[in-house]
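Listed after this line are the structures, all set down as structure tokens.
Two complexes follow with chain A in common, the first pairing it with chain B and the second with chain C.
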Partner chain A sequence: MVNLLTTESGFFLLLLLYSLGAIGSLFFRKKDELANGWQSFFAIIGSLWGIFFSISAFFTGNLSFVAYSSVFPLLSFSFHIDQLSAFFIFVISLITLFCSLYGIGYIKHYYKKYSISALGFFYHLFIIGMLMVVTASNGLFFLIAWEIMSIASYFLVVYDHNDVNNTKAGFLYLVMTHVGTAFIILAFLLMYKFTNSFDFESIQAQAVAIPVFIKNTIFILALIGFGTKAGIIPFHIWLPVAHPAAPSHVSALMSGVMIKTGIYMMIRLFLDILQPIPLWWGITILIIGSLSALLGVLYALTEHDIKKLLAYHSIENIGIILLGFGSALVFISLGNTLLALFGLGAALFHTLNHATFKSLLFLSAGSVINQTHTRNMEAYGGLIKYMPQTAFFFLVGSMAISALPPFNGFFSEWLTFQTLLQGMTSVNILVKSTFVLATGALAITGGLALACFVKAFGATFLARPRSTEVAHAKESSLSQLIGMGALALCCLLFGIFSGYLGSLFINIGTHLTVFRNISLPPILSSKINFIAPNNFGSVSALALIVFLILALFIVVLLVKFVINRNQKTKIGATWDCGTNLTPRMEITATGFARSIILIFAGILRPSIQNEIEYRDSKIRYFPKSRTVTLRTRDIYRLYFYLPLNKFITTLSVRAKAIQSGSINMYVFYILIAVAIALFLS
Partner chain B sequence: MNIFFLQFLLGILFLSIFYLHLAKKNFGAVIAYSIQSLIITLILFTSFLETNSFFLLFVVLVTLVIKVILASVFFFRLIQKHKLTFSVSTYLNLPLTLIVLAGFTAIAHSQKFLSLTNIIPAHQALLSLALSAIFISLFLVINRKDALSQAVGILSLENSIVAFAIFAGLEQSPMLQFGIIFDIFIWLVISTVFISMIYRHFGSLDTSTMKHLKD
Partner chain C sequence: MMIFIWILQLICVPALSPLCMGIIKKIKAKLQNRVGASIFQPYKDIWKLLHKDEVISTDASWVFRFAPFIIFATTIVIGASIPLFASFLKNTLTGDLLVVVYTLALGTFFLALAGMDTGSAFGGFGSSREMTISALAEGGLILALFTTALSIGTTNLFVISNAGMLLSTQFFLSTILAFIGFFIVLLAETGRFPFDNPATHLELTMIHEAMILEYSGKRLALMEWAAANKFFIFAALGANLFFPYGIAHSVDTQAIVIGIIILLIKIFILCAIVGIIESTMAKFRFFRLPDLLITSLILSALAIGLIQMQIL
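After this line comes the complex of A and B, so read on.
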């Protein structure tokens, strides 16, 4: 058993389990319950095996093997599993486990409406694609795995195909993902041209032979290609529409895990394969990270679609991950490998943390949508009375994403802050300015994220129901609660054991080529403490938790035995100014965010539209209803994608001129092509 | 086989394509095509005399039946059925057509295509002529407006390519040649059906009227 865990057979067993889940599901086309049982069983068993395998692979070291050498000389189905790959397999498996548990209960509402077996097939194929992406060590094989992942996720996005918005979202996702893939292919072709290989290890060995200009071009192409999948701004437009369209447990996987495959490849290429790298690469990623974090959270604030709000927060968190990763690249270029290692550790820690709390939030949002049949937060309210456990899990996720201790989000953002603050001590004015900008962006992002989740939690679970659907809501099923509960527990445990986990993430970095042969000073003084380099700042997870428990204990004691000592409890109606309290008197999600949106009006370009309907249109004294619509303009769509679309359409219309409809003309084109081909030969 | 004899055969093939550009009557065009197909059959027969491969002889016989006899029969029936005595006009007038033909012939014989026509140095003149035949056959399809002439042009292009392949020593296995001839047979059947459909739908073989099929 232990031997199997550490060999290639162990990995193939993992793929086999998911393959059985995928193919087996197809045999239960007309038996929804059996299809659900089959796919959930293999997904759970597969993810459990994946967790054991990845932990084992993490501690035993590198595992390289060729599964099959194809007849094509450049394509080999080869795998390489080092600590970095093992970490991503762990993240994929962990989130898959809880999403699959949740899925057992969640999928039931699709019975008799959609094909459960098709869902199972694409769900497993999607996981297989992700696992192969993070383990492939040949460029062409990687592209095959990338396509499997992308196509499978497309079918999951359009799974609820009766809603025309979902099919539109799927189309946008398909287009954007293939635009990204085109850039990736170009980057790989350029690498091949100068190294004569698609094998990552060969490319790494010959990376110094790639001219600087070409290397820079590869960086830009790869950044656009993988950045599109990761959802960085301005290539993010598919993300807020595609993630909400998929079933919620798939949204959790897409937002929590799939977009991280883009981050994985950026780390693999920029930090491992293409070294040494120029300084501006890191600075560019820091700037993109800052913009993505800040704009992601700002757009999230404007949303009242709960899943779109969460999707925008994914952009924000990808930005935070890029801040850590960008710092690592900058420090590498400056020769400070220790700080670079620290930055990479922050990025990887936030990758894991975001995967857990974002999945938790998507799953709890899924439960809410399942009961209320709407994604509009303005139609929620008071759900805490009907779904108390779901509300609690959403609250845990909200606290974690808002970086509140003792949950995991706080510790990875703390690490990122420490890295950025270290960068501010640089003597290079460009580097210093960039780090100042990035630190400021992260600070504002943290505050806005907290405000956004106060809005999301308040509008969804607190106050009174704002629609009749809420009054009929019921608590999530047991499997859903187990899935969410386990993720909530992970958010807490990853926070408590952040010191130990931090040492593991630093360990991942030391196995990358660029960090090899460096002696590590005691960056981590113990397994429960984080200590920043140069003793700049430190935080103890254990001390923090003890402090919080003590503080809570003291507050309860004070409230119960000191302040309320002589007071008697009276239960009565709340004073309502003599009027009947109605849901219309509650502050809405839009109303809550309005003041913040107006502060950032220069970026968000909001427009407020007031509509009043009078009882008598001639005598305008008695309004029947008032409607305030707050809209924000999507500046990327307006100033980037629409002009680009216009340009491509104009070009296409002009290109259509060659499509004359005359056979003679087409044969003439053939003649010209033949003549040119012969001439060039 | 005597190179002069082969050059003579290829010369006739080239002239037959030249004639296809000048022909005003469809009957003459089909006759010209039959002659060039017969020439291809003769060239293949000379290969048989050199190799004594009976499979090649079988290919020669199939070529004779399909290209020389069946193709002509198909086209003659089509002409008689729809009374297509005269072909539709060309895009370029006769003097301009002749200038273009001269241009293509000159280009094919130029130094630019030496790497292609010099595959077998002894056959350079033959290959240049075959390349000219390829170009002017393609131009026949471009310049003619009627579907029948275009079909003849495509078949003529195929003959020119076969001639080029034979003189360049690129002869494939007899099985492959047999497969190509079978393809041509199927193509002939389909193209005659299509030509009939075009005539029935538009009342003419002028393919420029098919523009109206566009959105």
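After this line comes the complex of A and C, so read on.
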């Protein structure tokens, strides 16, 4: 058992379990229940095994093996599992476990409508792809794994294919992810040209041989390539359409885990393989992180589609992760490896935390959508009375994502803030001002995220129902509640044990080559307090929770049972100013965010469209109906992607001139090409 | 002795906060040529409300019922996490600046949810306005507090106030700038002029009052008391972080008595400033408020820029 845990066979068992789930579910094409049972069983067993395997791999250290050397000299199916990979396997397995639990009950509403066995096949394939992405140590093999992950997730996005919006979203996702892959391939080819290898370790050994200019080019290519998958602005446009289209437990996996594979590869490349790196890489990532965080939350505020809102929050959180990671890169370039470790620790901690609370939010949103049959938040309202447990879990997720203590989101944001604070002490004016900007962006992002989740929770669960669908809503099934409840518990537990987890994650970095030679100060190992770099600050999660609960307990006790024992509580109607209260008088999600949108009108570019239909079209005196459409313009599509599209189309039209269609002409082209090739060689 | 001091620290905020409200109201009354109620009137109001029956809306869920307790409890926790009269109580567990900021945000979160819960148009718009202002204020607040943290080299509030070197020539300008930024946030977060009129129930302008409109009885008492606590917390932060004079540095009865008296004097000066501002200027239009908050952010960012120190 112990041997199995730490060897390559342990990892193959993991892949085997998921493969069984994938292939097995194909055999139950007509039997929906069996297909559901089969795939859930293997996903749960596989993810449980994955959790055990990753924890033991995390503590035992490096594991490197070649599974199969192919006939192609450059392609070998080789794996390398260090602590960083083990961490990501852990995150993937943890989220898969709860999403699969949730899936048992959730998938039921697809029975008879769509093929459950196809869902099972692609679901497992998707997880296998992610697992191989974070463990591959050969560039070509990595690209194969990356493609498996992308293609499988494409089929999951278009799973609900009767809705034409979903197939459109899937197409956009397919295009964007392949544009990203193209950039990644370019980056790998450039690295191959100067190191003669696709193997990550030999690239790392020869990274110094890469000229500075090429290295910078690789950075930009990889940043665009992996940034597209991670969803950084402005390469994010696929994310808010593709994530909502997938089934909710898959959206949870995509938002919680898949986009993190982009982060994983950035860490692998920039912090591990391509070291040493120039200062401006870190600065660039900090700026991109600030922009993604701030713009992500602003766009989230404009949304009233609940899943789109959550998808935009993924962009925001990727930004926050990049703030930690970017500061790690800056500190490395400045030669302060200890602080860099803290930055990396903050990024990894937030990766885990975002995975838990974002999948929790997607799952609870999925339950709500399942009951109300709409993603439009304006049609919800008052759901807390119909789905109390789901509401509670969504509340926990909202508090965690808004970085409210005592949940986990607060502690990773705390560490990110502390890391940024260290950067502000720099004497380099460029570094200092970048860090001040990043801190300001993070602070405002925190405030806006809070506003956004007051809006999301309030409009969805509080006040009175705004549509008849809500009144028919029932609480989610048991398996769904277990999945959500376990994630909510994780949000609290990761908060309570933040000191311990934080020091573990800070330790992950010490196994990367750049950090090999530094020893951590013993102060980090404190399990009660969560301590910041340079002893700058500390916080105890446990004490904070105990304080809060104690204070709450005393206040309730004093007010309810000591001071106020004999008073009566009457149930009455909300003050209605003498008219009948209708759901139309409640604030809507759009109305709630309108003032913030107007304040940031310069960035969000809101538009108002008034349409009035008249009873008498001639004198236009008596309007029959009025419509007001509030929109925000998609400036990326308008000013970046559409012109790009136009440019490529024009170029293609021009290129058509040489495609005459006659074979003779093409043979002549080949002749010219051969001549040029000969001449050049 | 230490236990006694801790108890004193714990009850300090809830015990003294209504007095602040009373003093501000008295100052405003005097400036309007009225006699005004006694400065102890807020205590009597809270006591009276605590003993009244209450009405709860049929639409309200547990969020509405539970929010006052949560909000009040957060102010108590923060009261124990900030330096009040003694800086030697080094609370390394929760005495961190970010803990205070985000625990305050926890209270704001539930306040805004409670406003939306009854489904009245007033509550909803109150919440929307409150969240707009507090979202924009957060940047200025964190950067202003970070200015002091960077000057001293720690984010622990007790250590910052213990160092007491902020107004030295080295940090003079940045402290003053950050304090102005902080003061703007204080006015915004505690719902004073020019952000909110605490005395109005006019639906066009009210923010805080709109959110707690549906509350009555003991829950209203807790809400009002928690709002007073929040004001006291902000005033104490301003007094002890930016002007850390007179705070007790050692376990010594005389030092502590002096500490309490000086804290009261500093807070009363801040109350007087707030009272005078409320009597002499008009409330701003809602869409002019962001300008003020962005000013606060920029001032604090400037303050950080002015700090010269070297750790890296």
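One rule holds in what follows: the second predicted complex is superposed on the first by the 624 of 681 C-alpha atoms of A that agree within 3 Å, B and C clash if a C-alpha of one lies under 4 Å from a C-alpha of the other, contacts with A are read in each partner's own complex, and residues count from 1 in each chain.
In this section, a contact is a pair of C-beta atoms (placed from the backbone, for glycine too) under 8 Å apart; a residue touches a chain by one contact, two chains touch by 3 or more.
Note that the structure is a prediction, hence the values are computed from the model and not measured.
Engineer: After lining up the shared chain so the two structures overlap, which partner does A:L678 touch, if you call chain B first and chain C second: first, second, both or neither?
Structural biologist: First partner only, chain B.
Engineer: In the overlaid three-chain picture, which partner chain does A:G661 touch, first (chain B) or second (chain C), both, or neither?
Structural biologist: So A:G661 only meets chain B here.
Engineer: Quick one: is A:I670 in contact with chain B, with chain C, with both, or with neither? Answer first, second, both or neither.
Structural biologist: first
Engineer: Please determine whether it is chain B or chain C that touches the greater number of chain A residues.
Structural biologist: C
Engineer: Could you look at A:I444 and tell me whether it touches chain B, chain C, both or neither (first, second, both, neither)?
Structural biologist: second
Engineer: Would you tell me which residues of chain C are touching chain A in their complex?
Structural biologist: 50-59, 61-63, 69-70, 72-74, 76-77, 80, 92-94, 96-99, 102-103, 105-106, 108-109, 112-113, 116-125, 127-129, 131-132, 134-139, 141-143, 146, 149-150, 153-156, 213-214, 217-218, 222, 286-287, 290, 297, 301, 304-305, 308-312
Engineer: In the complex of these two chains, what residues of chain B are touching chain A?
Structural biologist: 91, 107, 112-113, 115-116, 131, 134-135, 138-139, 141-145, 150, 207-208, 210-211, 213-214
Engineer: For the complex, give me every residue of chain A touching chain B.
Structural biologist: 660-665, 667-668, 670-671, 674-675, 678-679, 681
Engineer: If we count contacts the way the header does, which residues on chain A are in touch with chain C in the complex?
Structural biologist: Residues in contact with chain C: 334, 336, 339, 381-382, 384-385, 395, 399, 402-405, 410, 414, 417-418, 421-427, 432-433, 436, 439-440, 443-444, 446-448, 450-451, 453-455, 457-459, 461-464, 529, 532, 534-540, 543-544, 547-548, 551-552, 554-556, 559-560, 563-564, 567-576, 581, 583, 585-587, 591-596, 598-599.
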